[in-house]
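When the chains are written out, they are named A, B and C in that same order, and each has its own residue count from 1.
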Amino acid sequence: MPIRPLELHPDRLLPADPATRTLARELYRSVADLPIVSPHGHTDPGWFAGNETFGNATELLLVPDHYVFRMLYSQGIAMEDLGVRNRNADPRAAWRLLAENYFLFRGTPSRMWLDWVFAEAFGISVQLNAETSDLYFDTITEKLATDDFRPRALFDRYGIEAIATTESPLDTLEHHAAIRAENARPGGWQGKVITAYRPDPVVDPEFVSDQGGFRENLATFSEVTGEDCLTWHGYLAAHRQRRRFFAQMGATSTDHGHPTPRTADLSAAEAEALFTKVSKGSFTAEDAELFRAQMLTEMAGMSLDDGLVMQIHPGAFRNHNARVFERFGRDKGADIPSRTEYVANLKPLLDKYGNEPGLSVILFTLDESTYARELAPLAGHYPCLKLGPAWWFHDSPEGMRRFRRMTTETAGFYNTVGFNDDTRAFLSIPARHDVARRIDCGFLAELVMEHRIEDWEAADLARDLTYNLVKKAYRL
Amino acid sequence: MPIRPLELHPDRLLPADPATRTLARELYRSVADLPIVSPHGHTDPGWFAGNETFGNATELLLVPDHYVFRMLYSQGIAMEDLGVRNRNADPRAAWRLLAENYFLFRGTPSRMWLDWVFAEAFGISVQLNAETSDLYFDTITEKLATDDFRPRALFDRYGIEAIATTESPLDTLEHHAAIRAENARPGGWQGKVITAYRPDPVVDPEFVSDQGGFRENLATFSEVTGEDCLTWHGYLAAHRQRRRFFAQMGATSTDHGHPTPRTADLSAAEAEALFTKVSKGSFTAEDAELFRAQMLTEMAGMSLDDGLVMQIHPGAFRNHNARVFERFGRDKGADIPSRTEYVANLKPLLDKYGNEPGLSVILFTLDESTYARELAPLAGHYPCLKLGPAWWFHDSPEGMRRFRRMTTETAGFYNTVGFNDDTRAFLSIPARHDVARRIDCGFLAELVMEHRIEDWEAADLARDLTYNLVKKAYRL
Amino acid sequence: MPIRPLELHPDRLLPADPATRTLARELYRSVADLPIVSPHGHTDPGWFAGNETFGNATELLLVPDHYVFRMLYSQGIAMEDLGVRNRNADPRAAWRLLAENYFLFRGTPSRMWLDWVFAEAFGISVQLNAETSDLYFDTITEKLATDDFRPRALFDRYGIEAIATTESPLDTLEHHAAIRAENARPGGWQGKVITAYRPDPVVDPEFVSDQGGFRENLATFSEVTGEDCLTWHGYLAAHRQRRRFFAQMGATSTDHGHPTPRTADLSAAEAEALFTKVSKGSFTAEDAELFRAQMLTEMAGMSLDDGLVMQIHPGAFRNHNARVFERFGRDKGADIPSRTEYVANLKPLLDKYGNEPGLSVILFTLDESTYARELAPLAGHYPCLKLGPAWWFHDSPEGMRRFRRMTTETAGFYNTVGFNDDTRAFLSIPARHDVARRIDCGFLAELVMEHRIEDWEAADLARDLTYNLVKKAYRL
């Protein structure tokens, strides 16, 4: 295994045709250094509140990144050996497993993001493989111990203008409070870290986690809010109260990770009866689905009142691998996308609120067959609907290209909302935004080459797709 | 907002690779001036019968084009302000709304079609924006008042060899009769305008419109035909009679805009009982669906007798936006495609008639996931099936490319039927045919470049896809 | 109809962009001459056992190739006239029908495969059309009578390292035994021809064929194995016994052509009761589906024991054309793909065996919408799952490109298994492998051009995709 140089080519991800590439390069240069606006993600606000150093290479780059360990697992490598839910794993040995199997990532976005992190963030100039495994582990681990690699320093270094984290209504948001206190302190750190309201743990009757399920969460919800969350009235009031509190902590959006985008518009009496059923814990799968559906419509109504932008992230079959879920818990690479239907499912919500000028709902999908068929036509008509970017498994060069090719002709660019990195892998954030900028500029260059837009329009659009649309859509 | 030149680049929509573009340009030149055959569309036959001048820019280009106003509506612009169902709207102010928001159409086919109309039809040489809004409105409106812009003059100017409109069985076809009289008049206008039989208003038990629903339509159907359309026998006889009459008025095809492509083959007794139920107005959604299904098979049977080509256009969820439908009626940009299944749905019809050499059924879809999976395999086997072109939301550069890429390898080119413009926006017809010719020639050039076909074959195919296939498939 | 030269361009199917093509050409050259490993197909083992000459052009290239005659049938040519199930057809006249209609295949893979066979295998240097029909028929038929065109000679000439056929458990495998005897004979032919265990005829309660249905097959299964296959216990034992026998005859895999990938994990008592129902022949469609589902899980359990790799080929609606099935039987071009769901369907099997290191299940699909949405995420997580190549209707240049574009970013290359030709058209095997190598090299070259992988990685991958992965995945 020879040692090979690691270099990020300046033209990476730009179209191969020389004239198109020249155009794309020019567009990319005009947006490459714009600030990063990250309106949806899963970083830990505690990082920015405490500003502690990160641990070692494995702890930062391998253990929390389910994109990485799911691929290794798919080839028979035990997650325990990678340090996932296993504090006894040797981090250096775990890193070596990644290094030896790094070829598995050829052609994947993880490879591009990681190489960016290695080269740009850590200044490593050789490729990762068995030979260089220890060099990597030591270099990264050493640098992480320095002040330059503390969370706030990295935040500033990568030009993050604002970042949103995602919290449950049960979260106290103490880290966000601490960050805001720091922001307000004379001479204090000025990084903008906001929260987003993700009520799944108290909205989904089938929610399960190590920390307890739906009924335990309702009890906590009552404690946290002082409302009686075992009554429909108190439960809704608790949501309103926490949404207000989240907004005070900077939130401009809510987020809903439902299995499907089903919505409902029950009468008050029906909704109350349904809530009674699910809150008592004796309900069918259909009851649970209907309750989630009703809650999307309730949340849309609350958004009309408090102005929070609503994000709907449907279509993941969570925790598909029963054994992995038992042993390792949620978010361990075993969430699998499912076929998703929007047209009938969204109708109840849209019938009620779809023409309200104050409402903004951002739709995501894991089912690309809905891009051209359902989502672009919906967003190209309803004033309240916008399309979130290519998401999760589709947050990749080919995935982003398909998104643009399949949505632009019907929804245009201005019913989309810029890029989301949606990650808990902090250092991959600039890498991911860089990929998105390159792919968008390549797509725009192709449109110019085919004389479908003019060059000055492409320049406008590059800036809009990178910076302006996200700020507008998320009311930042 | 600077004033910028408007120029249609001669190479627009041709592939960027220089060698491929050279080939594509040559192919395109060989078909660019072929006559337009438009076998399926929604122009108003009254235009050609009366040959009155069109009104102003807004009335011609904005109000009737749901592609245009749905995009504006999606960004919060009120349809009333655009003049949709609002005779009090100021057309100049409505036009200004389009002009100011024309950037929304970047990357959409509407932008390409409109720019073609502006530059080619009206000779405008600056781009549409807020600055040039009045110039546009005045230029267009003035030209529309001239004889050169009367419907027949435009028909001749753009080399339309034949155009089909679409009418309900309840339509008297008086305009078609007038046009045929004009055709027959010595020295009369020779434009070929034919009708197509679209029986949805008397076939769909759930049909609704401002002009009345299914039951009112059955009553009218009886009046128009002299048959008792409240009996199954009379109802079928009425169809046969009107189909004959439509054929006399030039029709060579029928058209069926069902929610799904479901077909059925009920016994005569079952069909009669079902008809009795739906015609009395007391039926379930499933009854309605089954009746439409049975009627597709009945229509196929009648096609075998009278030779009309059958078009099936399924998969639109019509009038999805309840409030827009109430306020503005049908066809207002709120039809949304749905997942569509062909394999099981078409089986009853195909079991009965699928191997009949005299039958021709042209299938369309709004669900591109069926192109390679269902439609191309069906059309690549059944003698009666052909594939209609990329339709509606997919009548666009990327949409057409996906159509060719996903159908050609299994169905070949010769199980397709050329291009349909399917529009009520009269002036966009040549623009749309031009886009189709460019995209097809680009696709053929790519096949030549990869040595999948030879250059002389591409030349043959360009002509077939543009002109020969449509004439053959529609029996024109 | 002029006579035109037939030449296979050395750069066919390589990307048009000149720099990309140069890279692709180099990659292709490095793998063009690697041996062919064909782990899944439908050639007749009798060819290699008997080594008789093939008959005439029509008998070899037209009659057995449902890709070819379904296209001709779709354009109204009677299958009888092509010699399908009609021994009275004049083979020369049948060939002429193909020749005259060869233009129908423009843009299809059949055209590329056939041209390869004509030029490479038979050395013909003019294109097939009406003028050259007899020349073709005579040239091919004459060559087929020579020793150079006997099955074993062709096998050796095309560098086939191993080929798997597919047999029913009821098959005696006498041809495989004969081939193995020949292999063992001093100086005997050394071609490696193995079988694969395809139990559909005794697993699918709805199985129909000219040779009898499921119940007749169970009776034969008892005879062949000496087990009482009307008891659940005996039936399972019979499978185990035949699998062992197939493995002795070289099989390394099983193959399951179910309508859906549904799996089940019934209790032993439930499974036995279900078997009793289906084996008595009185069952519902749901019973049949559930039985097939249960049997996939049973087969996975047996694979854990005997090490046979399991292939699941779901999603074909078999024998869709009732009249064609009646008249011509199975496999006559009337199998149509259907929407397919993997995430919920595979869960019972995966819950039971999905994390077993010894199990290997290769998934195929006819529903490309599942590539990025379901299959790549599943294969990118579960250790037992791998993705079979683009299959059947998608075994084509565009189909293979879609496969790579939609699976690589999530599943990587190393959860795929190389190429399958899956054909009964013997001479098309090298043509098909050649297409796959070209397309894969083109795809890799594109990744290099966009700096997503390095050139040395592309070279490694080209070899892996062509040769190494298939040997590993199929345990050859």
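Keep in mind that, in the parts below, a residue touches a chain if its C-beta (ideal position, glycine included) is under 8 Å from a C-beta of that chain, and two chains touch if they have at least 3 such contacts.
Just so you know, these numbers come straight off a predicted model, no measurement behind them.
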Degrees of rotation, nearest 5, to put the Cα trace of chain A on chain C?
-> 120
Homomeric contact chain B-chain C: same or different residue positions, threshold half = different
Taking each chain's mean CA coordinate, chain B and chain C are separated, in whole Å, by 40
Can you list the chain A residues in contact with two or more other chains?
-> 15, 17, 369
In the complex, chain C touches chain B at residues 4, 8-9, 11-18, 70-71, 73-76, 103-109, 111-112, 317, 320-324, 333-339, 366-369, 393-394, 396-399
Of all residues in chain A, which touch chain B in the complex?
-> 15, 17, 19-20, 341, 343-344, 347, 350-351, 354-355, 357, 369, 372-374, 376-383, 385, 405-406, 408-415, 446-447, 449-454, 456-457, 460-461
